[in-house]
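Alright, structures below, take your time with them.
Two complexes, one shared chain (chain A), two partners (chain B, chain C).
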Partner chain A sequence: MNKIFYIAKEEIKILFREKIFFTLLGVFVVMSLISSFLGFMATNTTTSIYNSSVKFLIQKGINNIPPNPMLSFGALTDFRNIIIYMFLIGALLAVVIGHRSFIRERKSGVLPILFSRPISSNTLFFGKALGIGITIFSIILSAFLIGILSSLLLPYRHLLFDDILRLIIFYIFSFFYLLFFGFVGLLFAIKTKSESLALFIPICIWVGISFVLPEIISGQNPTALLNPIAMGQVQVQNSVFFSLMQTYLQPFSIGGQYTSFALQLINNTSQTSLINVILNNLSNITTLFISIIGTSTLCIYSINKNNIGKDEIYE
Partner chain B sequence: MKFMNNVYQVITVAKKEYIDALKNRVFIIFVSFLLILTFVSIIVSSFDFQAKVISYQTALAELQASHQIIQNLTAPEFYPLQLLRGTIEYIEIIGAILAIVLGYLSIAKEKGNNTLQLLFTRPISKIKLFFGKFLGNVLLLTSVSGFMFFGIYLIISLIGKTVITNIEIEKIFLSFIFSIIYLSTFFSISALLALIFKSLSNSLILSFVIWIVFVLVIPQIGDTLDPDNQVPGGLFNKIGITQKSDQLTILKDFSSYEKARDSLEQSSFTKHYERLIFALLGIKDMYNGKTINFIINDKNSDILWLVSAMILSSTLTSIIFTKKKLINK
Partner chain C sequence: MNKTQNIISISNLTHIYKNKKALDDLNLEISKNEIFGFLGHNGAGKTTTISILTTLLKPTSGNAKICGFDVVKDSMEVKKLIGYLPENVKFYDNLTAYENLEYFAKISGIKNPKEKIFDILKFIDFEGIENKKIGEFSKGMHQRIGIAQAIIHEPQVLFLDEPTSGLDPMGIKKLREIIIKLNKEKQMTIFMNTHLLSEVAKVCTTIGVLNSGKLIYKNSLKETLKRFNNENSLEEIYFNIEQ
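Let's turn to the complex of A and B:
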């Protein structure tokens, strides 16, 4: 057990020394910081446009005006952009963390030395996994704290207890989503002989999960899925093709499942209770856990099978 | 004679770049991925259109059966080039990654294999080497884009059994040319970072950070800040202001917000590429059926941005390539 903790500790120490990690982390933190501000700005401007529209309609003699649609959204709606940044930058950051954690050892050639010590492949994996997990957790925690802090700074948009609870559930789910990508990055850092390929393949997988599968299932264009409002409006198309795709590919669409659950938590327009949101998404949560267990099993298998200590890696 | 010799040297380097990339597994994986996605996207779009037609026919039949007014129901119109929206978005996303791969490999293979020492024993200058590399990779991007756009043409005209007019062919051709310019920019950025950074993997990660910011994050912010995107179905539709002129009158008071939002979008050259191609292919409804001259005139600022980004990035790369000490002893 001590060995696992030692490997994890070293992992975190080395990662936090890397400039490139800090660059990516910086982009993520900045985006987390401005995401609630962007949401607040958009909500505020839309409300002002609504008020101007009401004046315009009254001047035209129309009095039967629908209520402001923005009022049906809670303060938590201002956080909806964070779903996208978690989905984009967070996932890329996680891939990089997983990738760096193994490539570094392979490049420096310390793996044969490491395996000359009484350390098993399983210990090595669990140490790395713990290191990746703690790093991702600290990133998620800082994003959460930034979110809470920024909500306190924004006028009239303070979060209620239920909102904070929803936000906590969202960040916990996001942690596991990023952990999955961290393990994907780790898996290809173990398996692939080329350093660039070890980074490109997880990015291909990420593009597939984030854009391709949701498009095939819903018929939505790739970038339409980056708009939290458009994502919430995705409807199952009235077609045999999309019904088939929905049936067979939905279980693999981890990205689509993540955004769907996240939107139900944060962009809760249907006023569904938190417990019901969780119960409705049990299958999504299960799929994510199965994916994490699957990738970690593959990582352990690859460490054992590839005898990576003897391999060389090239650019 | 000297000029011909220079041209020969540049072409030789370009040819080597081209052949090397074709032998590279990473490149082949990405090209295959891009091509598959292109075709999948067109097929998905055609199914999507088919679904809309079925929905329309069902609604029409229901209204007719209950003897209700059918004038308010708009039939979906088929414009073959509009099926390319997903494909263009994949060029923006995956095509850019492909260009990053090429830029990275072009420099990484020399740095990693230490072949520059050998190369500079030959009488070849750095600038010729750069031109050769740039030419070879741009030709490669041209081949990939050409293959893709030709495939698009074949799918729409043969499988879709749609007659593509000469103007539409010209529009596809122009989209192909602008796609090469767009991809070449990413090639240059990636090569530039690979040249600047000591660690190749750091340069690659930074290329991805730039890619994610310009291709996905900035356009996403611009899109989500759009007031009409805040409410499902659109704010104005929700409160019954359907006339465009009325909407514009109300939005006059919010011009500074809209200006800031637009400026943010404009800072991404991907957005300029998207606006230009969406106009050319009529994906943006207001440009559907318009002449090429009209579109080019209306979109000249996007063209200028796109071309400037390509010139700037390739010039910077050439300067660094020629000035930087490439061989570390």
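Let's turn to the complex of A and C:
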């Protein structure tokens, strides 16, 4: 057990000294800030227009004034952009973290020493997994704190207990979603000797999960898929092809399932209770966990099969 | 374990890479406290042998034992008994020498390695570099840190793969002294792959010559020099054996 912690500690120590990690983390943090700001600006602009309209209507003697449309969205609506940043940049960052985790060993040439030490493949994987997990958790935590802080600093936001709970569940689910991508990055770094190929394959998988599958299944156009407000509201193309694709590919569309669950958590706070949102998405949650377990198993199998001398040494 | 007991036993070891037979029915026994020099030209199968003995590679057939433990079936036990310095050893460049050694010590099961690290660095006459990043190290410094990581858990057998490769004369001399000191003071059995005959003559007690995966010669250095007393140098002896 101790060895798992040593490996994880080393993993984090090295990662936090790499420029590429800080670059991506910086982009993600800035995006989280922009997300909060954009959410606030959208609410602020709509509310300002609404207030002007109310003033105008009162001046005209009209008393039957409709409520502020922003109120129907709930306080969490300002967080809706973070879904997309998590879905795109967060997942990509996780791929890079997982990829660096093992490719670093291969590139630095420490693999022969590492594999000649009394550590099992399970220990090595769980150490790496813990390191990746803690790193992703720290990123998620920073995004969460930025969101909460901005909600305290910016007006119009009054987060209730239910909102905070939804937000916590959203970030926990996002953590596991990113962890899956971290393991995908790790898997191909273990399996593939070429550094560029080891990054190219997970990025292809990321593209497939983030864009291709959700598009094929939903029949929506790609820009609609990237719009957190339009998601789920855009008219889908109705055809036999999309219907078949939905039936057979839906279980594999982890990205589509993630956005669907995240949207239900964040966008429709007043329409469905939290417990119902969770119950309605049990299959999505299960799929994600099965994917994580599957990828972990493949990682352990690949480390076991990694006949290190065969790959690294030839004489 | 007495001095004549075999610490390394290799029986009918064969390894095939795709279509190439890297090791062909290799049989070899090495006694405790020997410094064994494994000679052979490039591609002879030396690194394949060392990779199997250090559990990095599974043999196609045959078996090898370290202190009675099978390198395939009891690989975890074997790993506890061995230290390994690969050819062109490298470390985590972003970490300091101390951090690298601490990591390898901890994953080798040493819980509080601080004292051990300083002792080892003193032993190899390499103090004062603890806080330097490995990325700033020269090839010779890498080799010495490599030796330090390989012996930090006090293994019974130390495997060195071309340890002097790429070193300057001073680096070679220093490394040679460390190898002899390890054998004399820490009673380590040393298995050294090399193609430098000068190294063998100055360091080893026994030599083995590998050619196309087959062991074609094994004897003590003393006996070898006696047997080939007509030859002027170890180089001539080597060519004589190879022919």
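Quick note on the criterion: the second predicted complex is superposed on the first by the 279 of 315 C-alpha atoms of A that agree within 3 Å, B and C clash if a C-alpha of one lies under 4 Å from a C-alpha of the other, contacts with A are read in each partner's own complex, and residues count from 1 in each chain.
The definition used in the following text is that a contact is a pair of C-beta atoms (placed from the backbone, for glycine too) under 8 Å apart; a residue touches a chain by one contact, two chains touch by 3 or more.
The structure displayed is predicted, hence computed values, not measured ones.
When the two structures are aligned on the shared chain, A:110 is found in touch with chain C, with no touch to chain B. After overlaying the two complexes on the shared chain, residue contacts for A:196 are found with chain B alone; chain C is out of touch. Once the two structures are superposed, chain B and chain C can be ranked by residues of chain A touched, with B on top.
In the superposition on chain A, A:118 makes contact with chain C only, not with chain B.
In the superposition on chain A, A:252 makes contact with neither chain B nor chain C. Once chain A of one complex is fitted onto chain A of the other, the partner contacts of A:301 are absent, as it touches neither chain B nor chain C. Of the two partner chains, chain C is the only one that A:2 touches; chain B does not reach it.
In the superposition on chain A, A:137 makes contact with neither chain B nor chain C. Residues 314-315 of chain A are contacted both by chain B in one complex and by chain C in the other. Residue ranges on chain B touching chain A, taken from their complex, read 25-26, 29-30, 33, 37, 40-41, 44-45, 47-48, 50-51, 54-55, 58, 85-86, 89-90, 92-94, 97, 101, 104-105, 108-109, 111-112, 199-202, 204-206, 208-209, 212-213, 216-217, 219-221, 223-225, 227, 229-233, 235-236, 238-241, 246, 249-251, 253-254, 257.
Against chain A, the residues of chain C that register as touching in their complex are 17, 22, 42-48, 51-52, 54-58, 76, 79-80, 82, 84, 86, 88-95, 99, 103-104, 106-109, 111, 149-150.
Chain A contributes residues 2-3, 6-7, 10, 13-14, 17-18, 104, 108-110, 112-120, 307-310, 312-315 to its touches with chain C in the complex. By the touch criterion stated above, chain A contacts chain B in their complex at residues 19-20, 23-24, 27, 31, 38, 41-43, 45-46, 48-50, 52-54, 56-57, 62, 65-66, 69-70, 80-81, 84-85, 88-89, 92, 96, 100, 103, 194-197, 199-201, 203-204, 207, 211-212, 215-216, 219, 221-223, 226-230, 232-233, 237-239, 241-242, 314-315.
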